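Two complexes are shown next, each including chain A; its partner changes from chain B in the first to chain C in the second.
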Partner chain A sequence: MMSETVPRPAPHTRRRMSDESFITLLVAGVAVGLFLFASLMVPNFFQVQNMINLVTNNWAVISLGIGVTFLLVSGNFDLSVGGIVALSGVLSVWFAQAAGDGNPLSVGLGLPYPLALACALAGAMAIGALNALFVVRFGIPSIIVTLGTMMVARGIAQVITHGSQRNTNLPPEFGYLGNLSMFGTSVKFAVVLMAVLLLVAVFIEKRMVFGRITYWIGTNPVAATLSGIDRGWHITKLYLFSSAIAGIVGILLASEFKSGYSNRGTLMEFDALVIALLGGVAIAGGFGSVIGMFFGAIILAVVTSAATGLVLSPDWQYILKAIAVFLAIVAQTWALARRNR
Partner chain B sequence: MSDIQTSTHAQTGLLPKVGAFLRDYYIYFVLVAVVLLLSTANLDKFDLFERGNFLNKNNIINILRVSAPILVIAGAFTMLMISGYIDLSVGSAMSLSAVVYALLAINGVPFLLAFVLTVVVGIGLGAINGFLVVRLKITPVIATLITLSLYKGVALLLVEDGVSAIKSGGGLKMPGWFNGYGRSGIFLGLPAAFWVAIAVTIAFVVIQRRGVLGKHAAATGGNPTAAKLSGINTGRVVFLLYILVGVTAALAGIARSSFMSLGDPLSGDGMELTAILVVLLGGTAFSGGEGRVLRSFVGALIIMALTVGMLTLVPAYYQTLVIGAALLAAAASNHVITRKGRAE
Partner chain C sequence: MQETPILDSDGAAPVLRVDSLTRDYPGVRAVDTVSFDIAPGTVHCLVGENGAGKSTLVKMLTGALEPTSGTMQVLGRDYAPANPQEARDGGLATLFQELHVVEELTVQENLTLGMEQSRFGFLVSSDLDRRVVETLKAIEPSIDPKARVSALSVAQKQIVEIARAASSGASIIIMDEPTAALSEREVERLFGVIRRLKASGVTVIYISHKLDEIFQLGDMVTVLRDGKHIATQPLSEVDGRSELIEMMIGRTVFQTYEPRTAVTDEVMLSAEGLSNRLLKDVSFAIRKGEIVGFYGLIGAGKTEIARAIFGADRVSGEIRFKGAPVAASPKKALAAGIALVPEERRTQGLFTSLSIRENIPVMNLRNMSEAGLYRSGLERDAADDYVRRLNIATSSIDKHTEKLSGGNQQKVVFAKCLFSEADLLLLDEPTRGVDVGAKTEIYDIIRDLADAGKAVAVFSSELEEVLGICDRVFLLFDGAVQEEITNGPDVDIAHILNVVTGGQGAVQ
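After this line comes the complex of A and B, so read on.
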């Protein structure tokens, strides 16, 4: 990975805020505004614990959103992450289950636990490599490729678990990582990992050449290629990066529940896409940020938890998501058009 | 046979002709191969449908009956993809139509009126997609992702909490005619839903080959700017195609709902994937501009033969993997075929 930093502009030059920062601020403002509005409407909403829960309950989707956001910025979809979450979780269980005879669902490969995790992660990244192969080498639209690999990943998980789950014959340390609390609080390791990933991602995005190349490719792929950027290899790295995050999320979830469940992570790929869109990431590429995606996740979390607080039927969540994305897209387009008039 | 010598020169002779022939008709070979594979495999292990041969009359009728939804959608969906657009909400629109149709029927609305009203709902759902894409200029993938969520939510809300689907019970009873449309054979043992799918497909084949809409759809997908400059109202073409997809989604919902005798708000889940799969299998270019309705129809037959036939060979939990792999394989072969087609 390249480590040169982008030169900072001289501190005294006054610049107009970029469109991207403008949209990110807008999204953050909407997130805060919605939270205050929900606090007025829903009893007991305005509590510190509730604010913390809005973030910690969504660590999985926010983590997935990082890889998805980078890919969207480069002009590519990744809908395979939900399937990879299921696959890596199931693989980690299957590899770690003790070998032997008996019920086919309780017999695994009996690998040592660290090796089992490494192999599960490798399996997840194999799906990322498959994405890259089809998108980069064959030039097939990423939405179709990743819909296919989503089904392939989940399909493999279903074959391994016979369509249900594996949760027996596991080594005692299996449940440790997913239930580990940090700093003597109830904050889980997974949440801390999400925060670290977010910070690293923001740094890469804003300050490192790797991040800026991602924007360049998304803005103008032809110009990027003509300037000597190996576009294919860059997108390959992004898919591997995204699948690795999804693999880790799957492993942590499997550890938390001490089971490999083939339907885990269903629709997570759509939620990751939805929070990126809410956060102002443009699917045409070249525009958006990880911070925006984070606030997009907060918007979605506030809307869905406020709906639950108002005792709406859970079926409402689909309609609320649809309306939220619709309003976000229309509002962002309108705000940008107005600003640049 | 004397052409074999000249065929070694790739430029002229037999090989390019064979290539062109394969490119145009490969889908039929795939269908024959799948049917041969399934009919020669050992089917005696499971007793899921009819014991015996894949080519057993009852088995074929059963496959064609459950295929009615995808067969009816394939034509309009192909035209939409030829014009360079996509509809991810087609499965949710189908679910919502199925629920609406079942709700109307269970509340005593007669067959024809319920049928027509559901089709009107389908027109509305397609028009919403068209409005988002054409008027508000939201990217097709996002616009139809929004409506995917919206239609699914409405379908779920129409069904009471604690009940999985609209069905007989709680004082209401499905009328006796309800499952006739999707199940009772009216001709050659096949139900009306199947023959409607055939009629719709024929209509789309004619529209594509002879109709103005077919030419305009291909022009829009091939080069939108050129199409606009030559006076085609591409917005109207796309809007109309979204409405047609909505109508066929409604027809699919009616067929599925009638076949299952209930209005299941999840019955269309995954239909968008199947639709994309059969259109790609039929060799329609993703970038739009070219494609054939009839080949998508054959693609749909292949996928249904495979998914239903497969249940007799392997456990059901292999299905997701096989469909996903088929989607990737179709996309890859589609890529090879269309690229070769353009190079020549």
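After this line comes the complex of A and C, so read on.
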């Protein structure tokens, strides 16, 4: 039916950059601009090591941002990822701690280490399944559902740790993954994993049917359903992936610190949301990209690290985040409106 | 039952005078120098086929549209509302098909909405509250003013809106198809309300496709046809449904239908006893190569049948496609070879913030994926191909569909369905809001599809459309198939209109 010799549209229709590429470039430009500006203002800011640190220090939030971005594009929130980070970390410790008698915080289930990790990951994905159940099956707005499961996840972690932390009686290999350096450098395994996840996510987003379906659902959920897309199942998969990433992040952090701490990952869900919005992801769904989210994270990191390194005390970081978010969203709205005028 | 209408000749000044009102759209005159008077305290009915100009006229009355020329007067004063708010201030309230009540508030709070009185920022009860409660009691005593609106039925919510209009001092209330969603008992109750309103001096402009209602309720009737005023006269002087129908259709010449040769005997889809909230025991068959029409007015069940076949709504009964039962989900219907062009193009059919190119592949994901990879080359080729084949007017396949005209948007929705390579196409109002040129092109596309061996079902509320292209037509009224007709030169249009407006021959 589709012949080989389909004529291209007339030559005067120069192909225009998509809005999405435009916004992504804008965000990347702002990130680079801010970095150069900070380099002028802050002594010793312009260093290769500092550039690397901007990324590596934020591996956890960027990783969480991948799942959060996909869900936002589909028109759904995921505020549960911070809670899941705490839960999976605590679970991995509790499952791996040796069984027996003694101080309740020192006694775990004594599972073999790999099994403990697998079970912790399963626990994290159970929260994702819960999100999907309420959002898809019962049609409850995702912001409410994931606000609830955020507290469920952290609440379970709190009960298991008695509001404190578990860090004794662990097998020796427990701290291995979180402190593993790769390629003979100081780059951690977690950072490499983040990079791999980013690449895979960009590939899925741009080159796979799965990514396309996410955009269709986010742009018009009703039309997507009437076009034969199984919206519920797709959103279920997105929540499961997002919770799996959060579970892995939690396990790696627990390994790095050799402890399960119920307050770990506090406010990470908001940071993940903020970097996605900074990166041009539309809060109403249907628009945005993982690359944009990555540069959003860089913007946030430059702003907070430069300013707090120079003039302001670290107490100002929330104010700075707030200003960055407002400016970014106003700038995007303005730029898109101007472009499409 | 019929009160004697107060006519101009009796000396009563009209409450509303419409004088040479005209409204042009690009290429079409929707309302053409229409003049008539409405006497106070009457129920004045407005009838006409789809496209006769009723809704355009109502939009001008309510300030939603500006007339191209002509004037209106309310109670002798010039009336030219620039927006719906000014229309309300001028004493003209409208009861739309979509209700504008706040579900979370009580009945009384809804009635005083926007008119609350406060002292130091605190709400105080006032005469207003007493007045609205009295108004409500007068027109419908059974509704508790303290009840939460979300707990009311659709009919009761409607009455709350009518009470709000009445208590805000409206002298004219326009009701646009108010009974479309009501049960028979609720309709009776609404009629009671309308009669009490009339007794209190309010004028009601009543628009309905159901002619029986008009004879039951109306004092006067104004007939529009093709944007022109045909008649305004007392209903007591109209000789039954047939005369009214005759006035509505006149000697309309329909596009001549040519019998098609591609129709086969092979049944593609059969439906037995479909029933749900609205449908009542609907059965039919659609054959390969055939264009079948489902014709009925608003609320007759057209969209419900289309959605039931496509698995978008729950339905009891049996649907078999190519001999096998169809699973009830759009995904499975599509996989089996059924595609739907939905009723609402912008909200249900298109991804308006995406380009033409990104819209077309969505219903054919099987072919868009090669080992999970998205075939963007095929996407471009398909877009180029369909832009050419369906003659979609655009500067580029990368253009956002929200920037296309209605007709071109509809062609993109068609392209989506055609690309799915479905064998049965369900087209719900395929040419609604589409200009005449695109309409003809869409009809040609539909004929080509059927000639190529597909089966097409057209669900439409435009008689001209179904008689122009369909081989067979099912006439629907009140959720049931009333009659099946074979299209041809001797089709009795008056009979069809009689059946779909609930007249004789209709199974109630």
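Note that in this section the second predicted complex is superposed on the first by the 326 of 341 C-alpha atoms of A that agree within 3 Å, B and C clash if a C-alpha of one lies under 4 Å from a C-alpha of the other, contacts with A are read in each partner's own complex, and residues count from 1 in each chain.
Methods note: contacts are C-beta pairs under 8 Å (C-beta built on N, C-alpha and C of every residue); 3 or more make two chains touch, one makes a residue touch a chain.
All values reported here derive from a predicted model rather than from experimental measurement.
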| item | value |
| --- | --- |
| Partner chain(s) touched by A:41 [first = chain B, second = chain C, both, neither] | neither |
| Touching partner for A:134 - first (chain B), second (chain C), both, neither | first |
| Chain B versus chain C as contact partner of A:182, first or second or both or neither | neither |
| Contacts of A:196 with chain B and chain C, given as first, second, both or neither | neither |
| Partner chain in contact with A:163 - chain B first, chain C second, else both or neither | first |
| Touching partner for A:143 - first (chain B), second (chain C), both, neither | first |
| Which of chain B and chain C A:115 touches, first, second, both or neither | neither |
| First, second, both or neither for A:317, with chain B first and chain C second | first |
| If touched residues of chain A are counted for chain B and for chain C, the larger one | B |
| Chain C residues touching chain A - in the complex, by the definition given at the top | 310, 312, 329-331, 333-335, 340, 342, 347-355, 358, 361-363, 365, 368-369, 372-374, 376, 378, 381-382, 384-385, 387-388, 395-398, 416, 420 |
| Partner chain A, residues of chain B touching it in the complex | 86, 132, 136, 138-139, 141-142, 145-150, 152-154, 156-157, 161, 273, 276, 280, 286, 315-325, 327-328, 331-332, 334-335 |
| Of all residues in chain A, those that touch chain C in their complex | 1-3, 6-9, 12-13, 15-16, 18, 207-213, 215-216, 219-220, 222-230, 286-287 |
| Of all residues in chain A, those that touch chain B in their complex | 77, 130, 134, 138-141, 143-145, 147-156, 158-159, 161-163, 262, 270, 273-274, 277, 283-284, 313, 315-323, 325-326, 329-330 |
